[in-house]
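Each of the next two complexes has chain A plus one other chain: chain B in the first, chain C in the second.
Moving on, here comes the complex of A and B:
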């Protein structure tokens, strides 16, 4: 009797779990499937397979015989936007990785006055709503007289990405055996040598994982970038936001799929590295 | 002795070197800007988008009810929009909690191999572009979208439903976006849950509902609270979701802030609104800290 009830519960739970994953992935799956749909007006009504939307992103001009494929954005503009995004994400993630790792080392391996202050401070950028950080940086940059552009976007991203890398690398350091570091120091190696030969190789998966995840977060950031980008530089998410506000075009779906695949692949590698047992 | 002191000095220098970058970054580009927002919220808006450096509490007055005479009227609309934001943020918290809670139990019962993989699958969407996840719902909900087409094909409706540009769409979008935020803290808690306590409760004759209410729920409450806070904060200040899925019909405080900064260029007013959001966040965090402290002190478990 009791067993039967437990089996029913466990079956229900299993069914629910599958539904939960469907809820997470079905919307994304639908975008992918219907980016190949030839029907430009009703995305949900399948009228045939096409690659036109992908083709027109990078060609600009209309595809012969398919009026709806006409796309007003020039390919140069799109490449320009993609380049800006990558420059920002690479610079911001690199800087944040160095800063976040250094901070994690300081907090994990040193005792000092004010340690708890730093621990709280590092959580703050993740607790302050994006929009507040965005406007705060906007007022600051304009007030100090730094022209909004590539530089301000990178600085803005470094502030919140450093905390993120800090959390990832700290987790790695906490799970690490410190006896090797002590042995290295006892054998006369300097702190720098110990770090390079002993600590760094052990935390490397965490550092690389943190870098990749920071890279993707930077690449995808909308809100903070929205306020501090200025008029001259546009990142990929801002570009897509502007396109979405002008009206839905099938090309947005195709571009969305490309970005989605890229983000998911890089984030997967990052997550796998982050989760690898030390 | 001298060597010891030398080592100590070296260690201190290493520490300073390690802490210098983060201190500069968070000091100059985080704490100072936040401080400036506080200052700005008490300054008078200038004529052409700038500020006048005079004490001016009426930015808050416009929102809360003490406007500067007849020049700027008190309009309860701002408070009403703030109340709407609170409502949508709370709804987002409740729905994502309901969705994630059973899911956490499901994952915790998987075998080690599956667990890792399922956790990976649940975390991954967090790294899919926010805009694209919203875009997916735009395609799902619009009149010629998946939901309406499916319902029409099934013969349930004859006219497309007006799903997009509503409060429902906004809450749905936010629940979707913040699900990984809610799931992970709950899961971390459920995973640690000692099932022998559950069995003890059952053996002592408690009904399943009693066991759930008296044993499972209190033991998993910390994870639920943590998840709720992590979802509530970004939901309250959100402006991307309401502006894309809410259209002109749904206004949240985030939309007001955005407009004050980028359109009407009334930065002091926008700063005051932003601090209203920050104040709510601080209140929530303080309640949590006090409650957590009391739980620790009061129950020596």
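Moving on, here comes the complex of A and C:
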């Protein structure tokens, strides 16, 4: 009797688990599926398999067929915004990695007045609503008189990405044996040599992981970027948002799938590095 | 004149609760060249703090640290001619054994050829030749210990600091390493400052022992002196096992002292440091006590202690006899089991416990 009840519970639990996964991944599965849908008007109505939408991203109008109804964008335009996005993500993530790592080291290795307060302050950019941060940055740039453009997007991204890198590197530092640094000093190495030869190799997975996280977040950011992008520079998410004004077009689904694929690759690299033994 | 002098060292720690702890309180030790000095004490006695202050990881709040008549207070750790063997070994996990051993030389700018040669020699010295290409994680605790030793010794430090390096090893390995460390110290001729809480380890390895408690130096002497003539109650209890009796000096003739305990028990000791009427404690080590055979009289004019055997524990070389000696007290006698009369010793037996006045050591009553 008791055994039966246990089996029932176990089955229910398994069912719940499956449902949860479906809930989590069905929308993603759908967008992947419909990116191969031949219907140029209604994305959600299946009319046949096609690779045309992917082709339009790379080859544009040279692909045979009439895509006027689908409002496709030219590859030049698409790759232009992708380039912008990558320039922003690479520069912002790099700067944030240096700043975040240095801050994490300072807070982990030194005692100073107001350390706790400073620590809390560093987490704030992650908690402040994006829209508030976006408006605040806009007011700041306008107030200081910096012309909105690529530079302001990068600076804006660095402000909140540094917090993410800080958190990731701090976690790594917390797990690091501090006697290793003492041992290095004990063996005659000055602070710089110790950092280069002992500390950095030890926290490297955290630093790389922080960089990748920052890179992905930057690549994906819409709200903050929307406020500080200005007219001349458009990142990929903003571009897609603009495309959406003419409705959900099939080319968008193909583009989304490509972004998803890229994010998955970067995230996997990050996870593999993070789980590597120190 | 010591070769490394610790002068009135003071160190105060602030606890998170806001109170302060005196980790080192006026500690003065003159460390001699080429000696094996052990800092011995229970956890929290300040021994590790003192070691960290010597290494430079902690700064003294008062006092001084003098090497070859120069103060080390303002010298950062990486410029001090000392090397440390850490309790957890602190080997660099991302380097091979050989890279670990060569690290200090590399930082100092020693040529690659010279580095390889000396690293090889150092690994030879600790019996790990052929292990150079391995990672520290692929070695056993004892082997990691040896790598840590080689890594420090290869730099030929003026003083090698060892922070409880044997505490993580199992008993057998620990005993092997004790002998090896001592031999190594003789072979390399470097001053060793060794921190431990294990009094047996301290007695076995040291040229001199500095006993610390609550940040204060209790006694600094050779192992035999520390064991035979503990300076105070703390040392007598911490180093070895003691039977202790509090009493008043009743009479003195020459160096023979008779004291009387509060219960009227009369005991004998040898000392010239006290006067009649002084409050003292008598320390008798278990091996200084013997169970007298029926016809034995023991030492003349040393009154035997009457008792009743409560429990006997056979430990191989001796019989540990716990005897009730009245007034709720128990005496621990370490009785050679080959000695006469051993067969009479059984729980419940009435016995007389003898000792020689020469083995009775007196310490002053703690002024409290």
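By our rule, the second predicted complex is superposed on the first by the 253 of 278 C-alpha atoms of A that agree within 3 Å, B and C clash if a C-alpha of one lies under 4 Å from a C-alpha of the other, contacts with A are read in each partner's own complex, and residues count from 1 in each chain.
One rule holds in what follows: a residue touches a chain if its C-beta (ideal position, glycine included) is under 8 Å from a C-beta of that chain, and two chains touch if they have at least 3 such contacts.
On a predicted model such as this, the values are computed, not experimentally measured, just so you know.
Within the superposed three-chain model, A:76 lies out of touch with both chain B and chain C [touch as defined at top]. Of the two partner chains placed by superposition, only chain B is touched by A:24; chain C is not.
Partner contacting the larger number of chain A residues, of chain B and chain C: B. Legend: residue contacts after superposition of the two complexes on their common chain; A:112 is shown touching chain B, with no touch to chain C. By the touch criterion defined above, A:188 lies against chain C but remains apart from chain B after alignment on the C-alpha atoms of chain A. Contact with chain B, but none with chain C, is seen for A:124 once the two complexes are overlaid on the shared chain.
Touched by chain B in one complex and by chain C in the other is not one residue of chain A. Across the complex, chain A is touched by residues 10-11, 14-15, 17-19, 21-22, 25-26, 29-34, 36-37, 40, 99, 102-103, 105-107, 109, 116, 118, 120-125, 127-133, 135-140, 142, 144-146, 148-150, 176, 179, 233-234, 236-240, 244, 254, 257-258, 261-262, 267, 270-271, 274, 277-278, 281, 285 of chain B. Contact residues on chain C toward chain A in their complex (touch as defined above): 55-57, 76-79, 82-84, 86, 88, 90-94, 103-104, 107-108, 151-152, 155. Interface residues of chain A facing chain B in the complex, by the touch rule stated above, are 10, 13-14, 16-17, 20-21, 23-25, 27-28, 30-31, 34, 41-45, 98-100, 102-103, 105-106, 110, 112, 118, 121-122, 124-125, 127-133, 135-140, 143, 155-156, 158-159, 162, 166, 191, 213, 216-217, 219-220, 222-223, 226-227, 237, 240-241, 244-245, 248, 252-253, 256, 259-260, 263-264, 266-268, 270-272, 275. On the side of chain A, the complex with chain C involves touching residues 177, 179-180, 182-190, 193-194, 197-198, 201-202, 278.
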